[in-house]
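Letters are used for the chains, namely A, B, C and D, taken in the order the chains are written, and counting of residues starts over at 1 for each.
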Amino acid sequence: MIKSNYLALLILALVLAFIPLAISNVYYLGILIFVGINSLITIGLSLLMGYAGQISLGHAAFFGLGAYLSGVLSTRLAVPPVSALLLAALFTALVALLIGLPTLRLKGHYLAMATLGFGQIVYIVFNAWVEMTGGPSGFGNIPRLRIGGVVFDTDLKYFYLVWGLVVVGLFFAVNIIHSRVGRALRTMHTSEVAAGTLGINTVRYKIQIFVISAVYASVAGSLYAYFVTFLSPGTFGISFSILLVTMVVFGGRFSVWGALLGTAVLSILPESLRIIKDYDVLVYGAVLLLVMIFFPEGLVGLIGRVFRPRSLPEKLRT
Amino acid sequence: MTLGSQILQYIISGISIGSIYALVALGFNIIYNTTGIINFAQGEFVMLGGITAASLVTIFHVPILIAFLAAVIIVTAAGAFFERLAIHPLKNPSVITLIIITIAGSILLKGIAMFIWGKDTYFLPSFSGDRPIHFLGAAILPQTVWILGITGLVVILLSAFFKFTLAGKAMRAVASNRMAASLVGINVKKMVLFSFALSAAVGAVGGIIIAPIALMDYDKGAIFALKGFAVAALGGIGNFGGAIAAGLILGILEALGAGLISSHYKDAIALMVLLLVLFLKPSGIFGSAQESRLKKF
Amino acid sequence: MKKLFLAGVSLILGLGILIGSLDAADEAKQEPAKLERYKVGALFAITGPASWLGEPERNTVLMIEEEVNKSGGINGHPLKLIIEDTVGDGTKTVNAAKKLIASDKVCAIIGPSRSGCTMAIVPIVQAAEIPLISCAAAEAIVIAPDGKQNKWVFKTPQKDSHAAEKIFEHMKANGIKRIALLTGTTGFGAQGREQLKKLAPVWGMEIVADETYGPKDSDMTVQLTKIKAKNTQAIINWSIVPAQAIVCKNMKQLGIELPLYQSHGFGNIKYVQVAGGAAEGTIFPCGRLLVVESLPNDHPQKKVLARYKKDYEDRFNENVSTFGGHAYDALWLVIEALKEVGPDREKIRDYLEGKKGFVGTGGVFMFTPDDHNGLTREAFEILTVKDGKFDVLEK
Amino acid sequence: MPLLEVINLEKHFGGLTAINRVTFSIQPGQIKAIIGPNGAGKTTLFNVLTGVVPPDGGEIRFRDGDITGWKSHLIASRGIARTFQIIKIFGDMTVLENVMTGCHLKSKTGLLSAAFHLLPVWREEREIAEKSIRILREVGLEDRAQARAGNLPLGMQRLLEIGRALASEPSLILLDEPVAGLSGPETRELAHLIRRIRDGGTTVLLVDHDMSLIMDISDEVLVLDYGCKIAEGSPREIQNDEKVIAAYLGEEMD
């Protein structure tokens, strides 16, 4: 099963490699870059939601931490971008660990509550710590990402960088799912009691996955900062956290491929359908509700049903 | 203005906003106790109550008392409708499903409000004017008196409902043991519907009495939900007395924090309290650890 | 395994179709061109949290486009506006700006509505070398990191610093020295707070209290109580969100009888209405659009303002707003440039930088290489609220 | 030295005493059975022993160490595995994956090494798969390895659950009503399997209602009634114990 995922990954990589030859328009490239950045967050989030059975309502804050830390470090303290990205990821991981340690020991909605509160606090800090973040007006002039001698200053270069990282992120996620750890996580859908009596420390894996998903979001945030080169708090509010959750659920939360699909559809569709922009709140609410009630396996589940009319869950949960 | 009367003024402000937080938290608790669901759409009930009453009064010139009752009835219906639409069809939902569903519900209610009322801000005139009552150098708004009075009334009515009525007793039975309640013939599904309707009504009352102070627009629900949520956690989820005490404590804490320290981080105070409670004493300051462990989640 | 593979391929195909749909949607919009059209891009927050900025802006430019094309276009060339909705979001603005530049190949862009969105696309327009006339307030928009003006960026709204100076000027004339600041924690409020704190010492003002409130706050009595306890002579409330109306109410409720100054963000009659009488007597600097009837007939802006107000209110059946005015000025600037120099980006830029004496709704613009805003504080008039309406404050 | 020692164990649910100061021990290599009428506290005892619920009093010693009140995954890591009366296999995984999950304690790939999927991880995966196939062969499910576990008939699900427990190479395995709902031939086969497990060096503690099975395979029997130990001894002794007879008669009269 891991092999078919590798094959899909390879095809994806090949398709991506040729996309810029087919579309040279920077507008489309730009959209695809944002799809890539968002996908990186939702891949991590789908690990948390689909496999650890937990929900985070604060992933926009982890995204924001990655973005602001990278931005501040490399603009105000002249830290090289790659080091700043790694430092930001490390710091975000620590923060996630601090949140996850106490709350993931408890069952149910505690992580959701804590991440909701945390997300809002981070948002307030971005707004109020004017000296560092520029406050509500934001701050700009963030340098471009530079790796070795290569400066990622064009959309084309950035496209390859972002999607390269998405492919790597997918590779990691697929590997985790098809490993000892992935199996341990999947037990939690059925019975945490049984998992415990097999020696599986479910709390530990939940925390690990939560931290990993925060790191995905942080890296995505750093990529955002170096791409847009301007940050303001509005991007990192609670509504983005909820949009991310919507993307994962819509695409199918039991599959990392679902996260990718959901992100792509919900990022691209509003660009071509005006009606979605006018009533975005209404549309997203309705989409989320309908998906949860009528096809909880999301788009990927629907596609799976087309190809495999009867038993759909087991393979698609990969 | 002396420091003493300043502090008194802060406490008065804190109590009035804290009462609203307490009402939102009560709404959370009503649903949580019967269903084990944290209803993330609770704030939207507050917004709907406020905006409905405000538009009835300012656009249709309905007398305030009738607008009050009409808004409560409309929002109660919305709460029941939400339960039928989103919660009722689910079979054996997991916690994460319920969280996503109620979030979806909150976005949808917000979207519908935007559709109906647009993005404009609505205001409701104070129930009995704006001439403050002076008390030891502090000014008390007549609306504050209304808020305290109505909140107190809601609390008394709620506890009477749970103590003396059949439906109230049935809801308490479902809260303490869902399985046993259904075995003795209580229609659990109906109680779930009741709990959504009831907590929508309580939320609506909160929205209406704060509207003369706060102004209302379609996007105002989230902030009330967040604060009410922190209050519910602080008081111990499901604990009614705890919610009221925690609401007042948090309201006063916020007001004192903003007044004596800094208003820049005012909103962060409630959230920091929320995180601290979740980390250090997840059962809330008024709940016992044992109780929270035995809860369904 | 084979089926998973199929599913994967269909997934990728689906993505391809989605991306393709972008093109299709785009092409559907294009009608066959009769003449060479002058294409101008516009970025407004038509929906989303800042739609109260974007909607009047969009309405305004649509009205102008129609008017220009009815009267024979620009030197015979039809004007083609391509309007994109930014939803007030930085990411969407970046995408939309790239679309205008790369796909639509416009010769100039007006907007975005918000400062943050403008800041997000400044690097893009600078790199693409395309003139941008922003409709957003922040001064930082036109200023490059080296302190000079951004070569390709202009803006039409009056500067925050001028509004602050106008307030201080009025205060000084009335013997006010000790002031309290109350600002909203949005981009507009934060910029204002920064300017007020910077300029206060220059005008001999002492700031004795500096409080803030969130855009969704319900009650400012705490902040006002704190201010009340300090010995101040006046309060400046600088914000653009409806919550600023609560400040008026709370002041009355707490019995604070100090003069209340507001910023030009108060220039929306709805705020006066929601404050329910409590806004009476508020003093604030604002463009003259809101008080066009009170202007003397020989005022240079009178004709422009009266015409815009009438056209807009007749057509859209709603009150004209200063925000639409910013778009009005921006688009007419571009049209004048196109009339003079044609659709060459470099030439349009040079023309704008040298433009003197352009009479707009925001004031009389005098652009220079050192000032890409071109307005002085005389663009502001001190207004007040009288009987629930805006009026010029008697000197 | 006993493998497991239970001393004065207590468990209450509200006012109900589910286990009332029970003391017993198991010697290594034994097959020990626990019987008792419904509601005697057998499953609760298993739940306490495996850390699913914490005890309210008393002591549990395993391999000479105190494990009282430990979390279930820690108890499992010391070498106690179990099955459930109400089967808890992972229905949406394949049969093979279920057993591979059982190998959790005997493998060590962590999150980071899993992410990179380097050679040692790959090798360990292969080893686990091979070992799991061997265990499936042992319990007779080899040809169902790729089936979805939830689709198996009940008898096979019971076998799978035992296989999954065995994968952790426990020194003590607790079987909760392993033959409930099985047919005669299936029961006999299971009896053989239990003996083979014991012969392979794993001590067995089982709960069941099937007296002929219990009397056939157990070395020692413990009888619980209303949470109290009322008898302990060889199958023969138990069959003749008056208290036991009374308890069971009492049940039949209900």
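Going forward, contacts are C-beta pairs under 8 Å (C-beta built on N, C-alpha and C of every residue); 3 or more make two chains touch, one makes a residue touch a chain.
Please read all numbers here as calculations on a predicted model, not as lab measurements.
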item	value
Subunit A-subunit B separation of Cα centroids, rounded to whole Å	32
Distance between chain centroids, defined by C-alpha means - subunit A, subunit D (Å)	41
Centroid spacing, where centroids are CA-atom means, of subunit B and subunit D in whole angstrom	48
Residues of subunit C touching at least two other chains	185, 212
Two or more partner chains touched - positions in subunit B	222, 264, 267
Overall pattern in which the protein chains touch one another (line/ring/star/complete/other)	other
Chains grouped in pairs wherever the two touch, ordered by label	A-B, A-C, A-D, B-C
Contacting residues of subunit D [partner subunit A, same complex]	50-52, 71-73, 75-77, 81-82, 84, 88-94, 97, 100-105, 107-111, 114-117, 121, 124-125, 128, 148, 151, 164-165, 168
Subunit C-facing residues of subunit A, complex	1, 3-5, 7-8, 11-12, 15, 23, 25-28, 30-32, 34, 127-128, 130, 135-138, 140-141, 155, 224, 228-232, 234-235, 257, 260-261, 264-265, 268-269, 271-274, 277-278, 280, 300, 303-304, 307-308, 315-316, 318
Subunit B residues touching subunit C - in the complex, by the definition given at the top	1, 3, 6, 9-10, 13-14, 16-17, 20, 119-123, 125, 130, 132, 134, 139, 141, 210, 213-215, 217, 219-220, 222-223, 254-255, 258-259, 263-264, 266-267
Residues of subunit C touching subunit B in the complex	49, 51-52, 185, 211-214, 216-219, 221-223, 225-226, 228-229, 242-243, 245-246, 249, 252-255, 270, 274, 276, 278
Footprint of subunit A on subunit C - complex, ascending	1, 3-12, 14-16, 18-19, 21-22, 24-25, 46-48, 85, 87-91, 94-95, 98-99, 101-103, 115-116, 119-120, 122-123, 138, 140, 145, 185-191, 194, 212
